[in-house]
Amino acid sequence: MSKTIQKVEGITKESTQEMIDKVLAVYPEKGRKKRSPHLAPNDPESGSACVKSNKKTVPGVMSARGCAYAGAKGVVWGPIRDMVHVSHGPVGCGWYSWGTRRNLMSGTLGVDQFAMQFTSDFQEKDIVYGGDKKLKQLLVETKELFPLAKGISVLSECPVGLIGDDINAVAKQSAKDLDIPIIPCNCEGFRGVSQSLGHHISNDTIRDYIIETREFPEPVGPYDIALIGEYNIGGDAWSTKPLLEECGFNVKSVWTGDGELEKIAATHQVKLNVIHCYRSMNYMCKVMEEKYGIPWIELNFFGPTKIKQSLRKLAELFDDTIKEKVEAVIAKYDPQMQAVIEEVRPRLEGKKVMLYVGGLRPRHTIGAYEDLGMICVGSGYEFAHTDDYDRTAPEMPDATVVYDDASELELEEFAKELKPDLVASGIKEKYVFQKMGLPFRQMHSWDYSGPYHGYKGFPIFARDIDMAINSPTWSLVKSPY
Amino acid sequence: MANNLGLAVKPVTETPAEEIERVKEWINTEEYKELNFKREALVVAPPHACQPLGAELAAHAFEGSLPFVHGSQGCASYYRSTLNRHFREPAPAVSDSMTEDGAVFGGQNNLHEGLENAIALYKPKMVSIFTSCMPEIIGDDLSAFIKNARNKGIVPADMPVAYANTPSFNGSHVHGYDAMLLSILQSLTAGKKVEGRCTGKINLVPGFDANTGNFREYKRIFDAFGVPYTILGDISDVFDSPLDGTYRLYAGGTKLDDAADSINGKATINLGPFTAAKTYGWLKDNYAGKHASMPMPLGIAKTDAFLMKISELSGKPVPESLKAERGRAVDAMTDAHQYMHGKKFALYGDPDQLIGYVSFLLEMGAIPYYILCSKGSKKVEKEIQALLDSSAYGKQGKIYMGKDLWHMRSLIMTGPVDAIIGDTHGKFIARDANIPLFRFGFPIFDRVNLHRYPLIGYQGVINMVSAICNKFIEVVDETCEDRFFEMMR
Amino acid sequence: MANNLGLAVKPVTETPAEEIERVKEWINTEEYKELNFKREALVVAPPHACQPLGAELAAHAFEGSLPFVHGSQGCASYYRSTLNRHFREPAPAVSDSMTEDGAVFGGQNNLHEGLENAIALYKPKMVSIFTSCMPEIIGDDLSAFIKNARNKGIVPADMPVAYANTPSFNGSHVHGYDAMLLSILQSLTAGKKVEGRCTGKINLVPGFDANTGNFREYKRIFDAFGVPYTILGDISDVFDSPLDGTYRLYAGGTKLDDAADSINGKATINLGPFTAAKTYGWLKDNYAGKHASMPMPLGIAKTDAFLMKISELSGKPVPESLKAERGRAVDAMTDAHQYMHGKKFALYGDPDQLIGYVSFLLEMGAIPYYILCSKGSKKVEKEIQALLDSSAYGKQGKIYMGKDLWHMRSLIMTGPVDAIIGDTHGKFIARDANIPLFRFGFPIFDRVNLHRYPLIGYQGVINMVSAICNKFIEVVDETCEDRFFEMMR
Amino acid sequence: MSKTIQKVEGITKESTQEMIDKVLAVYPEKGRKKRSPHLAPNDPESGSACVKSNKKTVPGVMSARGCAYAGAKGVVWGPIRDMVHVSHGPVGCGWYSWGTRRNLMSGTLGVDQFAMQFTSDFQEKDIVYGGDKKLKQLLVETKELFPLAKGISVLSECPVGLIGDDINAVAKQSAKDLDIPIIPCNCEGFRGVSQSLGHHISNDTIRDYIIETREFPEPVGPYDIALIGEYNIGGDAWSTKPLLEECGFNVKSVWTGDGELEKIAATHQVKLNVIHCYRSMNYMCKVMEEKYGIPWIELNFFGPTKIKQSLRKLAELFDDTIKEKVEAVIAKYDPQMQAVIEEVRPRLEGKKVMLYVGGLRPRHTIGAYEDLGMICVGSGYEFAHTDDYDRTAPEMPDATVVYDDASELELEEFAKELKPDLVASGIKEKYVFQKMGLPFRQMHSWDYSGPYHGYKGFPIFARDIDMAINSPTWSLVKSPY
């Protein structure tokens, strides 16, 4: 998916570095030294990361990062619909992550789908005397009140690790007693530097407790694949899964959007893992590759250009049946997508977007904006690693600014300098930029819209971007008096 | 068969549709309700958050105050995004990003480095520090840390730094608000008490309240009286700031000078009284002037009491304009009473708000049927029970302290009500029961502007009457048979 | 067979169910629409009333003014009950109860006797007389009748008596309002013009508007400016009076002295400009000071213009508090734009309000799709078309002058929209089309308190945004599949 | 339905007369002379009217009366659901009477039910040149657009009669041309002194254009009756019709609530006319009695006492089959009604009600209030005749005030004097009394509630009266400061 190096008028390595230096000047020396390696002009030619990443957040800088628990509960475990996910510890963590990620789910709440907040609601006495006994009791009650739950995840919050509880032992015993998978996940928020470790820990628990505990009753077929790192935000999986099926694949399981525990557990049987969000699930892809010899491929489902490239790249791994179907699918949808572009692009041509998100979006969405005629003038990740930035370099125009774990001040100053027509970031940033009069879309939650993935998603994405940038409300910002 | 993890391998199964249907019905039964109420360890969908969230709200409520989370940055992100979503406004706050090594070395280094950076970057007039779990568990000594920071010159000598211990395993957002507010007032008023001085102002302590319209309404009421006042603390401009092309990191809040001088106030009114109990206890001992603690002015009677208290404390009569407003609110209630009379409501939320809703509903002849507080107390229960006992319409009311929304669901599915008053989290019950949810609580994630409409005072009465009655009428319009679809209602 | 009336006797029949089904579908077709738009004589469900209704509203708007219907008492009952139902307030008015003999002898006796009784019983400060059909047809000479009444001493010499011809077979309630207002102002200001005198006040003529909240908002705006004003005429207290145990026959209204002195005003702003065109024409020729005629301040731009005009006329800057309100309204619009952007609306109502709604919708990126005015004019159409032409979102808008709600139904059933803005009478279409009706117009018979929420000004913008967007969200919440039912919206 | 004479403590002929004199004193001499005969203390023993009635309203007194058009459109014709009712003249009259009477209807709006406002919307030119031509065209258009309408009524507004249009000729010709009954009704509002003449004129047009134009296809049975003067306010007819059917009757037509033109046209075939609203329809009962020998009986469907009496009185006219069924019905419902009374009466015992309504309610509802333990301390009609007051005298307690075509001032002053616990009147009075702090129910429209008739209605009536009087909002009226 390489492409020619793009330039943006007025943006040079020097101008970008100057902009970076200007904001760094505000920092005290120590802070400046720490932040400096995380900010740099992009060098697409190098094809590799221009910034450092996955380091501790500098204290006091107003970071957008979450924690390991957030990565475990919000990202990996939470979307599995047929399990009860217990936020083990004080009430807050589960409360904040209750219904706030938009990983949509099928099923009936409290019956065979469990999107409520389950918590052990630690009190002072649980801190003093430990929470293991309470956990044991809680698991019994969960099984009793929610008999159709296929399993229970126990997601530790900070106090659990700090007071030395042994949830692993409790889970083991209770799983036996209750005859139901109970997965202890030591994802205390203080672990690691961001939600990223939460993903890793969760991947590890899938490896240790889930995978290969089930098998599909039907024989394995040549087109059996799994869709990994697809969380069904705003219904994304309900766009991508049918698309892959239309291309001739059997999508045996989705990790973990609208996910089902037993299908995830049987994923060791598929022929290929198709991964979308590399950051949060590459660990398990690698495990499955090593352990079961399952190859994996990274795709991009944003915007017709990337979708087309991705589908063809995927088809390359299969026979002509698939190749023909993929071409037929492209032939069917591409004109529809072009119609969308024709409608919207005249209103968006040349508009500049600045991205700051998590997961795969800071690089994966660039092509979709480009499909709309837009230019990416800055991008960065909340919790990425070097391999993410390596992959980002070729996607972004030359010398545009890259920021890792950006502080709000940095983003503000960059926006003031770059004057983007759109900022695409998270809820914590949204109203900051809107107050500045800058159009904004939440790109973690699709701003309560979606899906944005696949051919079903692109027209919605295009409509939303158009609406955000061209809403007449922006012309009202400046008072005439 | 066992896999290479040593675990048994079973086939992938599908839950039979009949089984799903059975459980679907079962969770709506009395039997299930009983089982559900037997729970002792598991808590499902409790409508309260943890202390630091409330602390952040208090920390935002003062001019130039930067909320500072001593703990993991993930905690701060959670609090901030909750406030972002509710107000659809920025909620700038920092954390000192403690990680594993904090557990070993304590959080002083993080705190000091965080203060240094935050002050340089965000130029606050004061820093308001509160804790999330980690420092609470490891026992960080905030008092000492901050003293050290001052000694090391990290914090300018004249910059107030408040700090509150807000353990998440204790109380709720309401208690965190109280603790932070207390610390802010203590730190701002330290050494400011002047014997014999009187600001002539009334201090108002509204407690945890995420309705900016309420704050504007308090101010309008004081202005109508012509009585000077200081609200401790005032979130109205902070979380309802103009969109005019300029982002203001600190968009409002109680002026620090006013807050400092509030200790020399003419009088102090604490509304609640559960929401800022500790703060009020300290104020009573330390603030000059008279003190009064009274319920939130929700409904007519409690608004009357509030106005009469202002009148008593200020020596000014209740202005005619407010008296006319009272008459208009009573008019609105009377004109609409038939749409609410005898209707049963399920309520949940923070104690003081519950008391207010109960009072208002009884005034309308409506029936507060289930009153649930996931962080209540015997004292709260007693107060609500006394209200219920005061009215014929309170007889059927049942109070549930320390219960959650999964309990509430069982109650409503087995003994129906006409509507729910609560926050966004109740929407799943409302859908299952096919009844309206009135979003008077916090947070509201799925409607716009509701925090801009006051619920307190006489205007609040009109707003509650309008929201409730018009929705009930709408339900009739939308669900009645054609032959009952009418022009007039 | 013929009956004893000489009429044919047929058996009682039932319309076959298939026939009913066929017609049910047929009335939703393009074919039907075309037929429907061919109508020339039949008018079905027009959303406008007759002149005297508007005249009564104007007559209520002045201190101690007794509305007096010269005509049948049945007419008066109709006007009064319309106002009762809309405001849920008293609407005291008398008539002189003309009957058949009026047709023979004219209505002078009724008028005189009526004045004598009304003045004795209801002790008005002035009487505001307007006509229903009968005297208009028979050609009663009101001017002469009233002169005679004065001569006979039936009316005290110093009691102002206004009178307006308000034929029901001409114009609508809006024109009746204009005619009555003009006469009231003419009668009150007669001989009051003092050369060189300037009250320093701005006169505001809002025209026919049955939203008391709008009037309170105008006053709040002038107060925020610190600019003295006289509203001609002010219905806010008249139709939003307190319930405090005392019935006030005359509960408010523009003070007669202020109205009389308004001829010496510093400036006069006419809002509309269709709603009080005649009055404004006369004011311009007869009132001192500057004059301005401008649209109702609905939406941001038109509110901006209004405030700038006040600023220009008063020489005072727009106060910071209103500027902040502007920013908050724009903030509310921006936060909510995604819920309205691209949504299609059908609108109907009075010309000036339509212009305002169109302007507001375009500001939100919504599409005013059908704009219908049952009593419009070429001039109104031109004005609306100019607005539509000014925005990309106006391109699809189609204007229908002189059409009725049965036409609107055909439009909506054949070319759907997302919502309707209108008055209560649109509810049947809204139900058939299964879309929301926003009751911004007059009358509202089936909701409470809506007339208490201003639509004008920046606060009005927030109210419209809230009502519309929250309803759209609610529809999603209520109609989506389970799997799309979400916490956040 | 006679009963013993009731007394109300503190109310004597003298006290009532004093109260009347006090209010009359406010009038100028001429007005006082005119109003004086319309106000008097009740004399139940006399069994006859104590006041004059059906006179011209005194000009300038703020009367609640309507006009002949209102009586025709709103009361008699409007409720017939399968006809188009054209308000012929200016737009207003039809607009004001559009959906404001609550005569509910079955069917589908615009298809086989026509509750919209149909108007010829007279303009200046129609006044000058006459409206007959427009009417003719309008009738064609109506037939074309509403093909399932069984007929069209043309209801004249004031200008029509004054300019000398001949709607009767137009109707006759168009009826022929269009092959549909078209009924011209010369109910101009200036005719007569109140809506009462509108009823009469409408009755006459039914006589002249409708009755005996249809016949029921099935043979006439012994229990065939018609329900006359039942307008289905808030669904009343959907209570009374099934009740009569439960008693063994075939209710062949209802006049005119949820009415059907052809069934009304065949009513000459019934065995008995049961009339509820005597005032508005006694004319046609008398016509049917004279012409077709159909007897009629006045019943009262308000409150269990009156319902029971009414049903037994009705049964008296029939055989044992009916008598047994009626007793069974009474035995079934009476205990249910007593249960309602037991629940509500303790909260209403001794409460005083003041009535001022139209039609039958000022006398017919008294028994229902008494069932609730309440006392009627004043009553009067907007548009009654002497026969109405004759019937009222025995229902009201001794010496209580009776007022005919009361002015608002009179009602206000009487209420101040009598201090009723409830005022039951119309929309124009409602807010006046509420502002005085007096509980109020609209008794024309059941205040948007209902039905109030029959056994289905009484529990609703009881609930509403209880709610109105005991709403805690009343205790808030007086400010504590």
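Which chain is which? They are A, B, C and D, in the order written, and residues in each are numbered from 1.
The working rule: contacts are C-beta pairs under 8 Å (C-beta built on N, C-alpha and C of every residue); 3 or more make two chains touch, one makes a residue touch a chain.
Keep in mind the model is a prediction, meaning the values are calculated, not measured.
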| item | value |
| --- | --- |
| Chain located farthest away, centre of chain C as origin (C-alpha) | A |
| Rounded Å distance between chain A and chain B, as computed from the means of their C-alpha atoms | 31 |
| Cα-centroid distance, chain A relative to chain D, in whole angstrom | 69 |
| Distance between the centres, which are taken as Cα means, of chain C and chain B, whole angstrom | 41 |
| Sites on chain C at which at least two other chains make contact | 85, 88, 241, 243-244, 323, 326-327, 330-331, 334-335, 425, 428, 445, 486-489 |
| Residues within chain D bordering two or more other chains | 98-100, 108-109, 431, 434-435, 477, 479 |
| Category of the chain touch graph - line, ring, star, complete, other | other |
| Chain C-facing residues of chain D, complex | 26-28, 30-31, 56-70, 82, 86, 89-93, 95-100, 108-112, 116-124, 126-127, 134-135, 137-138, 141-142, 144-145, 147-148, 157-159, 162-163, 189-195, 208-209, 211-217, 262-263, 265-266, 291, 407-409, 412, 426-428, 430-437, 477-479 |
| Parts of chain A lying in touch with chain C, wherever the complex brings them together | 98-100, 102, 104-109, 235, 258, 431, 434-435, 445, 447-449, 463-464, 467-468, 470-474, 476-477, 479-481 |
| Footprint of chain A on chain C - complex, ascending | 300-301, 304, 307-308, 311, 317-318, 323, 326-327, 330-331, 333-335, 337-338, 341-342, 362-365, 391-393, 482-484, 486-489 |
| Chain C residues within the chain B interface of the complex | 85, 88, 237, 240-244, 323-328, 330-332, 334-336, 339, 424-425, 427-428, 431, 445-450, 452-453, 462, 465-466, 469-470, 473, 477, 485-489 |
| Residues of chain B touching chain A in the complex | 3-5, 7-13, 15, 19-20, 23-24, 27, 32, 35-36, 38-46, 48-50, 52-53, 68, 72-82, 84-85, 88-100, 102-103, 110-111, 113-122, 132-134, 137-138, 167-170, 172, 241, 243-248, 405-406, 409, 425, 428, 432, 445 |
